[in-house]
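For reference, the structures are reproduced in the following blocks.
Consider the two complexes below, in which chain A is the common component and chain B and chain C are the respective partners.
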Partner chain A sequence: MAQSAEGDLSAKPWLLMSPALAAVALLLVIPVFFIVVYSFWLRTAVGAVEAGFHLDNWAEVLTDPFYRDILFATIRIAFITTVLCAVLGYIPAYFIANAGRQHRLLLILLLMLPFWISYIIRTMSWINILGASGALNYGLMGLGITSEPIRMLYNEATVILGLVHFLLPFMILNIYVSLEAIDRNLIDAARSLGSTSWQAFREVTLPLSLPGLAAGSLLCFVLGAGTYITPMVLGGPTDAMFANLVFEAVITQLNWPLGSALSLVLLVVLGSVVALYNRFLGLGQIAKSFQ
Partner chain B sequence: MDDTKRYQKLLERYRNGDIDRRRFLSLLGAAGLVAGVAGPFTRHAFAESPSQVRFDGWGGVVSEAFRQYAFDPYTEATGITVVDGTFTGADEYLAQVQAAGAGEFNVAHLSGVFDYARYHNLDLSSELNEDNIPNMQYLIPALIDVLREISAPTLSAVPYNYGTTGLAYNRAHISDDEMREKGSMLLIDPAFEGKIGGWGEWKTRIWYAALQSGQDPNNIEDMDAVWDNIRAHRDLALKYWSSGAELMSLLAEDEIYVTEAWSGRVRALQDQGHDIGYYDPPGGLAWQECLFVIKGSPMEATEELLNFMLEPEVAIAVAEGQFYPPALDPQKVELGELVPTLPAFDPTGTLSELSFFDPAYWNGNEADWSREFSRVQRGY
Partner chain C sequence: MNDQAHAVEIREVAKRFGDFTALHPTNLHIGEGSFVTLLGPSGCGKTTTLRIIAGLLEPSQGDILIKGARVNDTPIHRRNLGLVFQNYALFPHKTVFDNVAFGLKYRHVSRDEMADRVAKALELVQLPHLADRFPRQLSGGQQQRIALARAIVIQPDVLLLDEPLSALDANLREDMRVELKRIQDQLGITTIFVTHDQAEALAMSDRIVVMRDGLIEQIGAPEEVYNRPASEFVARFLGNSNVLPGRVESRDDRAIKVAIDGVGTILTEAVEEEGAAEGDPVRVVVRAEKLQLAAPEAQAEAGTSILPGGVEAVDYQGQAARYFVSVNGHQMQAVNAIDERPFRKGEAVSVRIRARDCVLLPSSKTEG
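Our next item is the complex of A and B:
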């Protein structure tokens, strides 16, 4: 009887976890498994797929400098975007965390508002702002600052701008969660011990909010590095990120095996970043943002 | 529809090769079993007409025209709903079709003979019963012949319209004379750096680069010269556009002054009051679009839809809505006042002056060239 009760107890966590495990298996593990299998297949001349065990795709992806260069460019763009989000996101997060309760709720609602609009529409809105006949050029010419439209669109800077626009709310939310959790007595104690506001911020608030900053940075980096819409809409002819190569391999060239190998490379690189983060900071902080 | 007719249709589908023997027998057995236990509920058997047909096209004004002039009246007449989706290119659509199950996608507004051959080579073609599409008699024979050559003796599509990918230019910055003088060389003219656009599609880029290097696009001998011209265009271009809507926006907003463009989209811009010129340079690219029925589709319903769409008044109305000449032969059908004014319209109905992709040549190079273009467009 006791053994049976013990058996029930040990099975219970698995039973409770089974829906989540099934979802992960169905939506993540099995698709990734298929992608792995596909990466060893080959595309035939007419665009069909030839099953088998071929290392051609992997040899190409791992040795061709073309893919390496785009991967580095992707990491660079995602890094710059993350830094900009961190710098630009901290101030509003701090402001929201220190606002009164009523205002805070309103500000968070406003922060969430962009999510109600399609990401593509939000990205395309920059065309109406930065375009040759966009609002900014219209204003500059109206003020007599310039006589001709300034070329602002379709370059790496606008790609980064679009990514910051897309990712900033994720950063603000994570920093806000960290800031809100800080015990105010600690700041009061620092002030009562003679520190200035700036010193209190630098010595108390900032260090304690670093986990949120790190969690936001991880999200921004991973989401930024995996995007392909933004460079497609706001980039010039040569502006591409690694996900664009996956898109082209799968959609344009109908080369699913090569696209699978490319997507696995991206998965491994971004997975490594997440693993490193988890090793040193833990993923728990990210979950708090959504609580 | 009674059970007898339903089973006759099932038999017909088996004989047409739409379903294999095993599936036919299992369906017949299942139908018998269900009929035995369910009686009147067997009205919704596999052989019955579908309640909807899926159509995929290019979206924008083309989609609007189809919806207004063809789909809604078809639904009213037959009770079959047309679910229409859009794609930005045949490549993207092909990826979706390959990932989907049989019968999920039915009719596609595919571009050119190139795509017809490609889809056929991938075993996605069906076999149309042309007796069910009597309106095919009005079509330009040249447009049908090139399709039949690929899938002889049967057809998997009916031609629907044709057009050109010529040169669009902002007449405030480029005169008609300058365009006629320089033609496709304007796409690599440094004087317009940052004001040049282009479709980010490998076939079009290669076609125009071949023209710029003085070669026949259907028989390129110096591919290095072609890639060099593509690089030159890339370095001068502001943006590769990827949809008709983006093309129209770039031209209308003065972002670009010159680009290759789809004739119908330019006509739409002109009708909106934009001073955009359009020019088909010597050897410029022409294409036809067809209504391709994908393998596994309910054939009778789709054939009925095709016949409905080929009804002269419907085809002309769609042509007027999308600004591309219909595939109707002007020698057989009176096309009204607007169609003869559309860009690329050929009053002879022979299309002998237009240059089309040679499907065998382009399909034979597709794997290498599309891949190389991916690199070249990224700066290599």
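Our next item is the complex of A and C:
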């Protein structure tokens, strides 16, 4: 009796988790497994894909400085984007966290509003603002400040602009969640002990909101580094990011094996960032912003 | 001016949140070095009053004076007050030492003096060995002591405590009550203490301010508010009281005879010129402990009234018992020490009320 009851108990967690495990296996583990296998296949000169164990793709990806440079550029762009999001996101997050109850809900709703519009359309909207016949140039020429449209689009800066535009809400939400969780009494206590509101912010609010800032930064970095639409729409010919290489290999050249190897490189790099983060800060905070 | 004698004074201070008045215009003087408790049920405006004094809340009107100086326009960080919160509000990312030292950073104190004062404060709360811990590594009682140390280390002019003990369990709460009082005595610091626990208020305070719905009902020493409640509300809020509505039957300068509706007549002492004339509707308040049950054949002595009753229920409490007694169909409560054996349910008794234990209140329609 006791034996079977115990047996039931130990089997139960697996039973309960099985739908989730099945989903993870089907949607994540198995596809990644196929990509790994693919990366060792080879696309021959005639365009056929040859199964087998070839290291050619890996040799190309790991030795060609072209890929390395774009990887570094991708990390740089994602990093700058993350820093900008952190700085630009903190202020609205602080503002929302300190707004009255009803305003807070409205502001969060407004923050979510852009998600209802396709990311691609949001990105393309910059062309109407910054393009040669866009709103900004139209205004500048109308005011007579310039006679020729100024070339503002299709460089690294506009890629970063597009990424910040895309990622800022994620950062704001994460910071907001950690700010919101701070007990108001802590700030009152700090104030009563003699600190000005700025000092109380520096001593109490800021350090206690760092977990949210870190979680938001991780999210922005990973999403930013993995994007290909923004550089495609807003970047120039030399502004490709790493995911564009994957896109190029798979969609344009139909070279699935090379694309697989490239995407695994990106997966490993971003996976390491997440692992490092988890090692030192823990991933728990990120889950909070989705509650 | 005699303002100097008052550590804190509030004049006609009121607080409105939109249409809702949390605090009606209120006046209050708090003497230097005294321990004053704001006591009242939930929502009566205790915290509001405290926060206004602290500078965390702007009053809708009125003046706040600390040590005789008006501080309405002084921001909280320059009021030099020590605040202790119900949830302790220790900084979770700082060690105990850094928590306690926090206020000293803004007071131009040398490093040595800081360490010295923090050590002394930790000693005062009897936790000198915990300086390196983080708040999450402390028990609730320890956190409360650290919060207290943090508030007193800055030598505040006034210590403000908002239900500091209510998050502790019953035993610990009583220990901390004694402890807090000891520290307050030792430092001689003016203290404003907020609670809704009447036992806490009675045990600790020099003066109790009983509040209700944003108004002060009574201010007085613990014995005063306990024995001479100014209103039925105060009588009921501080322990079990019997409130008996009746009418003045006759009076002379020593005693007032009151006919209690449907019960009988009882004698009360005429303390002052309360203005109760013959025929006036009044209420007589008798605390449950003062209602003495005796054998049914007991005779009335001078200055006491005897009413016949029957025990309806007994709540046995060990050294004492609480009885619910029916007197001519009206229920009264009596808490009596047990002599030999408690009275039993259904037993006939005589209810004895001494005239000097009765408090006479005028009848007013506004009170329920």
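As a convention for this text, the second predicted complex is superposed on the first by the 291 of 291 C-alpha atoms of A that agree within 3 Å, B and C clash if a C-alpha of one lies under 4 Å from a C-alpha of the other, contacts with A are read in each partner's own complex, and residues count from 1 in each chain.
Throughout what follows, contacts are C-beta pairs under 8 Å (C-beta built on N, C-alpha and C of every residue); 3 or more make two chains touch, one makes a residue touch a chain.
On a predicted model such as this, the values are computed, not experimentally measured, just so you know.
Superposition of the two structures on chain A leaves chain B and chain C fitting side by side, clash-free.
Across the overlaid pair of complexes, the angle with its corner at the CA centre of chain A and arms to chain B and chain C is 150°, in steps of 10. In the superposed model, A:G100 lies in contact with neither chain B nor chain C.
Looking at the shared chain after the overlay, A:P13 reaches neither chain B nor chain C. With both structures placed on the common chain, the touch criterion links A:S195 to chain C but leaves chain B unconnected.
Touch criterion met: A:L153 reaches chain B, while chain C stays clear of it.
In the superposed pair of complexes, A:M232 makes contact with chain B only, with no contact to chain C. Of the two partner chains, neither chain B nor chain C is touched by A:G52.
Judged by the touch definition given at the top, the superposed model places A:D183 against chain C, while chain B stays out of reach. Of the two partner chains, chain C is the only one touched by A:L208; chain B is not. Within the superposed three-chain model, A:N255 lies in touch with chain B and out of touch with chain C [touch as defined at top]. Minimum Cα-Cα distance between chain B and chain C in the superposed model: 48 Å. Annotation: chain A has no residue touching chain B in one complex and chain C in the other. Within the complex, the chain A residues that touch chain B are 43, 45-48, 66, 70, 127, 131-134, 149, 151, 153-154, 232, 236-238, 240, 245, 248-256.
On chain B, the positions that touch chain A within their shared complex are 89, 91-92, 94-95, 98, 118, 121-122, 194, 198, 200, 202, 234, 237-240, 242, 249, 253-255, 363-364, 366-367, 370-371, 374-375, 377-380. Per the touch definition, chain A reaches chain C in the complex via residues 183, 185-186, 188-196, 199, 203-204, 207-208.
Across the complex, chain C meets chain A through its residues 54-56, 75-83, 85, 87, 89, 91-93, 102-103, 105-107, 150-151, 154.
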